[in-house]
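Order of writing sets the labels: A, B, C, D, E and F. Residues in every chain begin at 1.
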Amino acid sequence: MTDKPISRFPVPSLDEMPEDIRDMLVGVQEKIGFIPNVFLTLAHRPDEFRAFVAYHDALMEKESGLTKAEREMIVVATSNDNNCQYCVVAHGAILRIRAKDPLIADQIAVNYRKADITPRQKAMLDFAMKVSNDAKSVCDEDLEVLHSHGFSDEDAWDIAGVTAFFGLSNRMANFTSMRPNDEFFMMGRK
Amino acid sequence: MTDKPISRFPVPSLDEMPEDIRDMLVGVQEKIGFIPNVFLTLAHRPDEFRAFVAYHDALMEKESGLTKAEREMIVVATSNDNNCQYCVVAHGAILRIRAKDPLIADQIAVNYRKADITPRQKAMLDFAMKVSNDAKSVCDEDLEVLHSHGFSDEDAWDIAGVTAFFGLSNRMANFTSMRPNDEFFMMGRK
Amino acid sequence: MTDKPISRFPVPSLDEMPEDIRDMLVGVQEKIGFIPNVFLTLAHRPDEFRAFVAYHDALMEKESGLTKAEREMIVVATSNDNNCQYCVVAHGAILRIRAKDPLIADQIAVNYRKADITPRQKAMLDFAMKVSNDAKSVCDEDLEVLHSHGFSDEDAWDIAGVTAFFGLSNRMANFTSMRPNDEFFMMGRK
Amino acid sequence: MTDKPISRFPVPSLDEMPEDIRDMLVGVQEKIGFIPNVFLTLAHRPDEFRAFVAYHDALMEKESGLTKAEREMIVVATSNDNNCQYCVVAHGAILRIRAKDPLIADQIAVNYRKADITPRQKAMLDFAMKVSNDAKSVCDEDLEVLHSHGFSDEDAWDIAGVTAFFGLSNRMANFTSMRPNDEFFMMGRK
Amino acid sequence: MTDKPISRFPVPSLDEMPEDIRDMLVGVQEKIGFIPNVFLTLAHRPDEFRAFVAYHDALMEKESGLTKAEREMIVVATSNDNNCQYCVVAHGAILRIRAKDPLIADQIAVNYRKADITPRQKAMLDFAMKVSNDAKSVCDEDLEVLHSHGFSDEDAWDIAGVTAFFGLSNRMANFTSMRPNDEFFMMGRK
Amino acid sequence: MTDKPISRFPVPSLDEMPEDIRDMLVGVQEKIGFIPNVFLTLAHRPDEFRAFVAYHDALMEKESGLTKAEREMIVVATSNDNNCQYCVVAHGAILRIRAKDPLIADQIAVNYRKADITPRQKAMLDFAMKVSNDAKSVCDEDLEVLHSHGFSDEDAWDIAGVTAFFGLSNRMANFTSMRPNDEFFMMGRK
């Protein structure tokens, strides 16, 4: 634990939060032993908090042609490209756990093109980078490349959706100076 | 009306939609005479639809130190910078109506620095551009500039939140090739 | 009409102008009902004014493998990419009239890749963007792509010439803070 | 002399040219001993040729608060930034002659910030770079910086005008693969 | 250990290497338990190997106004900006050890502006980023900022030298697809 | 000769230098008539000087599938792209001499795509530009393009190595404000 501020904005204590948010955070704390700072930061704005969590879960918890580890790969690659410390550190931890691979998150964060991933996963991340940095140019040919790697149109939506959602998250984390919990740095490294 | 596709993805008919979404869209149609294509496009994914609308309303309908017109200025400036046809056209219409000014949306879309807006509004849009394109560098000095124009920290969050949310929206609209409804082009031009 | 300044520089009255320029502007006013601000702004420098108009007409009024509407498409796409408010608004109006299409200008301005244009016109605008942003790399392969869409080498010159000329115009308009006439915003919208 | 093509387009012989253009080129040849390839290349399009020359002369031959050498500095700095071989080589030669300095053109082409020029000239070239690469952001503060170095508003127009005109020229030269005459490389080097 | 290739090029075995290089690598192996892959990769070119190591040591082992940890901060920040997996992972490990801080390397890699470092160290990394990405514009004002944080001119050289040297290293590592040793990922995390 | 400073840092006189460096510089002076300022500038740091020269010679003096002129082409193209006045001027001179061509250096500096070089040399410079500006994306396909022009893998290393080394050199020259000797400007122009 550190005493460094976790957000540029006031962070409510658990008993200041609306009941549904407090219940959710208590549940998370019981499950993983701490409350990720993204929740504490966004709890400053309960309505945005609820929409953020709902959007996150709609993309990250659903059935998909992408594994949960693959979705975390998108988060980690996009977030380093957007220089978002919170998301690289926190989702790097989740990726290590989901992929059961202690090296993969750091590899993907710095340069996914050189990471221990499949050509299909590289195509997935190439497309995510295009959505993140050059969405105006996304075209049929991009979807054909995805198809050639076995992705469906619905999978393409999942890639784009995760990329776009974490683009939002990256911007809010950098704006609020959201600090990653110390616990994330070591998770999944064995 | 046009027969051009409004999305790269299947668009559900009203009776294929979950009841809550259908009710909402019928309500919109009754109020403004047509259903904006963003709703029809996103209805393909009901959970994401609900989170999207909730997030939108949490930012755009709330009380704020920014007027509703000012929030639409952020949407229009950011969306043209991201080359998002749907959002520039649709929110350009809303901006004209909210600001009661038929020229303002086109001015801001192309180059807000030359638009008929106040120095305070220019500072707001400068900050939105930084959040959109260089969030990694947002720092205390940026907030001080906002303060010097009378914005509070909460206003800064509103600017950043609207920018980040429409960054998501712009990427999804470009990915899905979302088509603006013909109706938007003329709205608010008198 | 507005009382906002139309240029950062002094704007001569009609009777202060050299006779040939005054005659031309009076002719324009009689024809379309107002004098476009680009003429009033550039009249501050009569020699440059005359060369500007001559260059414009040599490219935009000549016989060409490009229709006049297509040439305006190039102006609108290039000018939004250069964030030139005057040229997007004024030539957007001309494009709507030439193409007899009230939607096409806004579509092309924001993202021509998603506009209601032909693949040939998209190739034309792709080439214009390359001339505008990466002329150093223009090569034989680019001309072959144009040929494959039925463009001749002379048509390629026309595309490059219009792009390069309006690149000049965009820079002068942004430098002088040239204001689009209010009349342009509604022209051609039905 | 070389037998390399000087343009991607047909180059008319002197007797194929309209009389006014032929007379002008014969005059140039008598004066400097050769015909610069820019004239031969653009003579393919007589109307554009005439407007180009008129625009050039309106900016480069007029009385100005900028010396002729200073105007050539703008051409050389802008043209290297736009990677235009013709303009760097040809106007580098003219700059060496006008400034009576065999080193200045190469210094400015590669990095004017490290060239043997005055702070006033550096401010002039900083402004030219902004007009060339970021005209949308040109603002009152930029003109105040110029004023603080003794430039008038009319001088600012001259800087912007030269920059914008050679931006056009750079794009046409790269598009046509215009080849600098061999003679230019040694001119003014003593 | 992994059986993934560590370089796109042949990697000599210890007994194929020149004696001085072999002796050095055996010494490293005895000290830290493994041979960093940068040495094995560059041993393919003995002369470049020797110059690389000599340059590295001249910058990283010397007395300096920068601590060794601070020099590693420059390496990590620059290398992530250049997307160099080898250098971020290997020098991230060294930084954690030198700074006795398990969090600092990941923080700096992703966004040093939000890391637990001093304003002086932020100024150091701002300058390193300018040398890495915009060296042409480095000027007296940049050195004055460094001076205001207590850096001498010699310290400025050290910052620039480390940045420039690892720019070389980053490019070679990405070119050769140099793989970081598995051991580095966990070093210094406690 | 000029009395302009050749470096932002102190330049040692010959008798202040370590003997090995003095001997080397005296040798150079006897051979070409002057001491290139890069040596005088770097002599401020003898250990870095020695490593720099050793690295330079390991790449530039070795046997290679690239001629010495071709290696200088890489230096000139990369250095102009990095806006390094010293390296463009000094190595431009060396290139003119090595290639026995008075025009080639200026052509390549400004835009190698339009220079009098072979397709093989253009591919070499395309690859150098990728290593210089986008090394993270270098991949097998890039090497295949080089192979198709007759380059071996070892030649690819030579291209990458020269590019990376002069990237270091360019950054140090811009940081130190290293001034090219007047002698270089005319060398090899006949």
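Operating definition for what follows: a residue touches a chain if its C-beta (ideal position, glycine included) is under 8 Å from a C-beta of that chain, and two chains touch if they have at least 3 such contacts.
Note that the coordinates shown come from a computational prediction; the quantities given were computed from them, not determined experimentally.
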What chains do chain A and chain E have as common neighbours?
B, F
Joint neighbours of chain F and chain B, given as chain labels
A, C, D, E
Treat touching chains as neighbours and tell me the shortest step distance from chain A to chain D.
2
Would you kindly say which chain has the C-alpha centre located farthest from the C-alpha centre of chain F?
B
Distance from the CA centroid of chain B to that of chain D, rounded to the nearest Å?
44
Please tell me the distance, in whole Å, between the geometric centres of chain C and chain D computed from their C-alpha atoms.
23
Tell me, which residues of chain B touch at least two other chains?
83-84, 111, 136, 174
Among all the chains shown, which pairs meet the touch rule set out at the top?
A-B, A-C, A-E, A-F, B-C, B-D, B-E, C-D, C-F, D-E, D-F, E-F
Please give the residue numbers of chain B that touch chain D in the complex, ascending.
111, 113
Give every residue of chain E touching chain F within the complex, in rising order.
8-9, 44-45, 47-48, 50-52, 54-55, 57-59, 62, 82-84, 131-132, 135-136, 138, 143, 153, 156-157, 160-161, 163-165, 167-172, 174-176
Using the touch rule from the top, collect the residues of chain D that touch chain B in their complex.
136-137, 139
Touching residues (chain side chain D, partner chain F) in the complex
4, 79-80, 83-85, 88-89, 92, 102-103, 106-107, 109-111, 114-116, 174, 177, 179, 182, 185-186, 189-190
